[in-house]
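Shared chain: chain A. Partners: chain B in the first complex, chain C in the second.
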Partner chain A sequence: MSEAIRLSEYPRAKRIDERQPPELRFSERAVQELERIKRHYPNKRAAMLPALWIAQREYGGHLPPEALMEVAYRLGTSYAVVEGVATFYTMYNKRPVGRVMLEVCTNLTCSICGGYEILRHLEEKLGIRAGETTPDGQFTLVEVECLNDCGNAPVMQVGNRYFGRLTPEKVDALLEELKNSEEHTVVQLADTIVQCHLSESERQDIERALAKAQAGSGGQDGQNG
Partner chain B sequence: MAEQELVTIEINGIELQVPKGEMIIESAKRIGVDIPFFCYHPRLGKEQAANCRMCLVEAGTKQPDGSVRMMPKPQTSCTLPASQGLVVFTDTVAIQKARRGILEFLLINHPLDCPICDRGGECPLQNNTLFYGPGVSRFVEEKRHLPKAFPISDYVVLDRERCIHCARCTRFSQEISGDAQLEFLKRGADTMVSTFQNTEFTSRFSGNTIELCPVGALTSRVYRFRARPWDMKSQKSICTRCSNGCNIWLDYRPNRLVRVLGRENEAVNEEWTCDRGKFGHEYISSDRRLLSPLVRRDNRFVTASWVEVYQLIASRIRQAVEERGAGAVGAIGGAHLSNEEAYLLQKLMRVAVGTNNIDHRLERNQVAGGDTLLARLGVPFTQTAIADIEKAKTIFIFGADLVDEQPIVFLRARKAWFRFGAKVIIAHPEPTETELRFDEPLVLRYRAGTETTLINGLSHLILQSGRAVTDGISLEELQASLSEYTPARVAQETGVAEDALREAANLLGEGTVILCAGRVRNHPEYAVLANALVNLTLLTGNGSRGNGGLNILLPEVNSHGAADMGVLPDLLPGYVPVNDREARERIERIWKASLPAEPGLSTQGMLEAAAEGKLQVLYVIGEDIAQKYHDPELAQRALENAGFVIVQDLFLTDTAQYADVVLPAASVAEKEGTFTNTERRVQRFWKAMNPPSPDVKPDLNIFAELAVYLGKPLPVFSAEQVMEEIGQVFPAYAECCYDQMPAEGVRWMPTLTDRGK
Partner chain C sequence: MAELKVLFKDIDVPGIQTLEVYEQHGGYSALRKALGMTRQQVIDEVKASGLRGRGGAGFPAWIKWNGIPKDESQPHYVQCNADEGEPGTFKDRELMLRHPHQLIEGIIIAGYATLSKVGYIYIRGEYTEPARVMRRAIDEAYRAGYLGKNILGSGVDFDLYIHMGAGSYECGEESAMMSSIMGERGQPRLKFPHAPLPTIAGLWNCPTLINNVETLSCVPAIIRNGGAWYASMGTEKSTGTKIFSVSGHVNKPGNYEVEMGTPLMELLELAGGVKGKLKAVIPGGSSVPILPADKCDVNLDYESLQAAGTMLGSGGFMVLNDTVCIVKFMRRTAAFYAHESCGKCTPCREGTRWMVKIFDRILAGGGRMEDIDLLLDICDQIDGRSYCALGDAAAWPIRASIKHFRHEYEYFIKHGHSMVEAQAEHSVGGR
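Coming up: the complex of A and B.
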């Protein structure tokens, strides 16, 4: 029988009860941040992009389905809509990634200036192919399009920083540095972006609120939602 | 509404006047110019998506000097509003080329598997390609491949390869049904339609996306490979699965229903159907249908001829009447019969048998027309026309999970909010799916059982605010009777916060539509609650004018019609009390018969009597009371102890297992007639197929023939004639004669009292 006629080979689609709130894992800080960011927009759904960044940070660098559900619930929209947005943008990681993400540009300028050599070098050095993660979960290597820093080609983005005019030697040194550093990680990038969405006074507010909650800990369990 | 401003435009050299702002794709239809399209759909969206680019036209504007200044690029006519002096060309060489280009582009990743595609034969992509497309494609590379025929629910199959990304389905699910379960994932060439993580597509309106999809990407799992469009005939019909009366098409092959499609009726369902309607008519072509009359012999059913069963029934009825009087016979059923049949049933019982023991209600309260609403508002059940719900200022959904109970009314309520900005209050003791379909509605989570307190509390607040209206109601008296319902007390009793109560009271006012369903109908103290609701309706000024009003939506397809037709123990057709002598005599003159003057037994009464062995003959028509009666045990005892049980149905139901005689009835597809929906709209349905066997008869024929055997023929020969007679007996139905009935049906207007709207 034609492939098109056989339906039974697919497992039955799982059903989700939308009336059941999903499991919520945002930290108190995340809740506070989202609360404030929501106020920047005419409706809370418009806060979807920063909310996804918060989620990416809270869920350790990528967005598992549970993270999408939590964001949908907190913004009062459907799971599918959030998944649609999250999958539209490439900087939201839908699959687990390493602690640090190495995004090597191989677009026109960079490839002329040796972008592919950098990529190959990294592949060899880390023992993985572009798109893969090292077994120890340290690095994920990705090939990306123009990072808009052609003047410094070849360029690589690592978390919240660009590294340009790369040579294999520079890359080696950088790898050593990154291994032992808390800087430029995937989670840190997410946090940097979240902080960009908050004003100085909002950030102070959050600190105060958190300190207060800390002081009276065990009492109020924050304003969820 | 204000007069619409007209503008003069020109399409392909023809000058015409159209309303300002009308989309050119619509204007072109006025002069029969065909503009191909995929994503455009007038009911979707405040704005069109305009993402398929199929509807391109060239456009320009007339300059004062008479010349035309063309826009530099083709425009999408689905988003090009008519303005004074607009000049449009739909068929230039450039447009022809553009269309070929668009189609070639859309087909790049299209699998072209028309021979095994359910859309084939009625596929816009096929048709447009045939008429406007290129003959060959320059794309020779590998197409993208994705899982085919992927079932996303029990009803819907998704073939992502065929999708042309028109966004009709996703827009429907976000804007119309509001569940937003379909969404585009990824981007660019990877874009695909999906549910969240491929979980089940549980929308209650999923079937509509199948109809909306302009290709075979979303197809029906039920209709799959059953027929080709050219193999089928279609007949206009009415959905029988709830009291909304959606207009549908029955598509059938000889004697087999293959699918149900939505049929346009602006006044009722626009063009939507719910999944219960779309996939819930399979029973019509079930092989388990009854095919001939059955009689019980030696505790087994054996087939019998109609003559035999009629004679048997007639003799048992006669015997019962002679021995115990006509009161020993009773009939239950009618909510699933057409108006004509329901009318004939009660006439049969009243004239040929001589009893008022007849009832169509199976719910606990057996709410009848002759109750609070009729007395105080002048309407039996509903004040607001379905189409007027969208004009509401505030929608108050009270104790109902509307998506589930009245899906199409829900769509209107949602439209009122989504399109026209109505405020929404939802009161329900438990979280409902309906709440999820609105953005932050005001939810009043009351404790079950405190319904009356809640409503009285709201009335009290409105009275206090001084906004109350004197509309057939004395505010002083009301004030006095409600004085104890202070917000504090009501909040304490119902569990709803005082603030929420105040907020709700503020939203209630003129133009408030109150929507109630099963919970209100079945409330233990229905009469008290109904009175409270009527008070609220009156003092918010929704008694006799405007679009606001109280609506107690009904359970079954013809619950309203059965009540109108007098399938009630105490009311004759047209809500005439049986003991109102003058009115009764008027009907007696039309029927040329004398009628019993004492109210008969209600369903509950009949079942109790039967359970005690006091009912000699129990006639059950189209209702599986052993299962569906609110107290099934009582129904079962009644069926066991009744002297003689006649069951008339499509199937050998649980109730039929108790029968002495089973009569096979025709389904809605096999007969004609009318149903009256929950807003009092009388709508026709037509015969599509023949019954599965020549021994299966429409209920109408069965009643008429039975009357002959009972020696009191009811001289009618067709549903049409019955409707004419109904018009005489109940003048509100006079406009419902078949030859006069407009396509939208007739919403009969209550002249029963001086109120009503």
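Coming up: the complex of A and C.
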């Protein structure tokens, strides 16, 4: 219990020197996706939000400074610009988080329909407080604002799904399920969001391009953004 | 006492999310009809319908549509607001999850009427379930030739892209949303008359039509049946129907579509009646002033609610029974606005945080009687002095709660604990 990781206490990674070309870690798939998404807008800078979603997936669920640098490089802008955007939005994780995030709504309707009870129950059950990650890195618990599914209060977001009309019993069963599941993870959420941007024909194009690249050079690692 | 279903008419039809079933129920016939009309005729039909924006402000839709320049010297855009972040509101969620093609058809018609070739639907990042349904439906519409180049052989082009948010209430504000689509922080722009309207200089400084999901979802039925048909429902100035998202202390929470002007108490009955004793209602999302039970004898339309001192807003209808401590509830409201303030202007950024601090002092038992007037003073400092309406929205609910429930604040300050908890057996909410 004492080793719970407090989000705000996590050590800051070293700042990146913008004069050095960054180390690029996007997969070939990520490069292809970003190429397609950029075409949705009149300039590539506008692809910032989707690019950050791609990065959050590629870097395993959060955005270390290296990820922001890579996005800056691929969109032809500066680190400061990307950091300014990334830190504005709550769903981009600036610090490492658990494999699965439990985001409990305690906004108005949920607050009068048991949202705080659900949050307290999870705190007790996981042995951490809201804002912390379990020592085994499985779960991060957060209190969030209205998820806008108030008709099903109390509500919790777990990755790419909402769970509503929660009771302590339902939460217990859900935790068991999540422990043994690859579903609803932080990485999967980022991927779901990326895929929502891509049309059917774009997704098919990407598969074709990837198949071709693989047949060609036996797998590139996607350094050319 | 009944629902009147326009938007929800076919929502219970199994498979209405698919193109095939949607077409069997008249889907995309409005688009075909619109493509056979002139652009001005489409706009005039929307004008005749009296449709007003359902995103919160209630601005007449046709004025925006008509305000887009009628030439193509610049690209034009349609921006569909699917950010739905107003606490208490969940209608756009259901409209997307269960009736995606109705919205897509509305967006394409809006694109045609405003000479736009590109549309963005801005869906909040948390809404992955509705976004996946929209994705599938948009893919279907492309395959069937309703989207893309030369729609149904008419020579009209229209591409529709999904743009996902990443967690920010402020991005629901239309100009903050423009910033967010352009890849920036979700902060708003100066408003008319200090800056041009989005219809003249919106996305990338090009003409942009911005409408809410519910507003655009109304369009197919209006084109199919005529504006006059739509205007025959509701009241003179608030035409048609409105979806209310009813939540909180009712027996059957959910979305209910009713005719504009329906008595508030009828909506409560539709939602299965109040659990316990009614204390207050917040009829239009967290941003609108609270309505105490003795003032709930009012009709649900823009004008009646305004006359009653509140607003129709987004239709997020929250019901509170007598176990709710208003002071704690308002502390939670204030904390929401403090968290979501984008930080661009001082009265909102600082004022919302001061209010939370004052509330915390009261809740901790250290409140002073002057704190009530101090809260009111801060509300006055924010209201009308902020860059966008989030500031105003932070002030109105607090001010109204003090107006109607001052005695609860006084009791809390005097005794150091909640009046409601002293009376009720158990307390609800807050910590």
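Just so we're on the same page, the second predicted complex is superposed on the first by the 200 of 225 C-alpha atoms of A that agree within 3 Å, B and C clash if a C-alpha of one lies under 4 Å from a C-alpha of the other, contacts with A are read in each partner's own complex, and residues count from 1 in each chain.
What we mean here is this: a contact is a pair of C-beta atoms (placed from the backbone, for glycine too) under 8 Å apart; a residue touches a chain by one contact, two chains touch by 3 or more.
The model shown is predicted, which means the values in this text are computed figures rather than measured ones.
A.B. asks: Which partner does A:107 reach: the first (chain B), the second (chain C), both, or neither?
C.D. replies: Once the two structures are laid over each other on A, A:107 reaches chain C alone.
A.B. asks: Kindly classify A:19 by the partners it touches after superposition: chain B alone (first), chain C alone (second), both, or neither?
C.D. replies: A:19 contacts chain B only, not chain C.
A.B. asks: Classify the contacts of A:88 with the two partner chains as first (chain B alone), second (chain C alone), both, or neither.
C.D. replies: In the superposed model, A:88 contacts both chain B and chain C.
A.B. asks: For chain A, which side has the bigger count of touched residues, chain B or chain C?
C.D. replies: Of chain B and chain C, the partner in contact with more residues of chain A is C.
A.B. asks: Quick one: is A:78 in contact with chain B, with chain C, with both, or with neither? Answer first, second, both or neither.
C.D. replies: first
A.B. asks: On the A-aligned overlay, A:215 touches which partner chain: chain B = first, chain C = second, or both, or neither?
C.D. replies: Neither: A:215 stays clear of chain B and chain C.
A.B. asks: Regarding the shared-chain residue A:68, is it in contact with chain B (first), chain C (second), both, or neither?
C.D. replies: It touches chain B, and chain C stays clear.
A.B. asks: Which residues form the common part of the chain A surface touched by chain B and by chain C?
C.D. replies: Overlap of chain B and chain C footprints on chain A: residues 43, 84, 88.
A.B. asks: Considering only the defined contacts, which chain A positions touch chain B in the complex?
C.D. replies: 2-7, 10, 12-16, 18-19, 43, 65, 68-69, 76-81, 83-84, 87-88
A.B. asks: Chain A touches which residues of chain C in the complex?
C.D. replies: Where chain C meets chain A, its residues are 75, 84-90, 93, 123-129, 131-132, 134-135, 138-139, 142-143, 161-169, 180-186, 204, 245-249, 253-255, 282, 286, 316, 318, 320, 323-324, 329, 332-333, 336, 339-340, 342, 428-431.
A.B. asks: What residues of chain A sit close enough to touch chain C in their complex?
C.D. replies: Residues of chain A touching chain C: 40-43, 45-50, 52-53, 75, 84-85, 88-92, 106-109, 111-113, 116, 120, 145-153, 157, 160-162, 189, 192-193, 195-197, 199-201.
A.B. asks: Could you list, by residue number, the parts of chain B that touch chain A in their complex?
C.D. replies: Touching chain A from chain B are residues 113, 116, 147-153, 157, 159, 174, 179-187, 194-202, 221, 225, 431-433, 436, 439-440.
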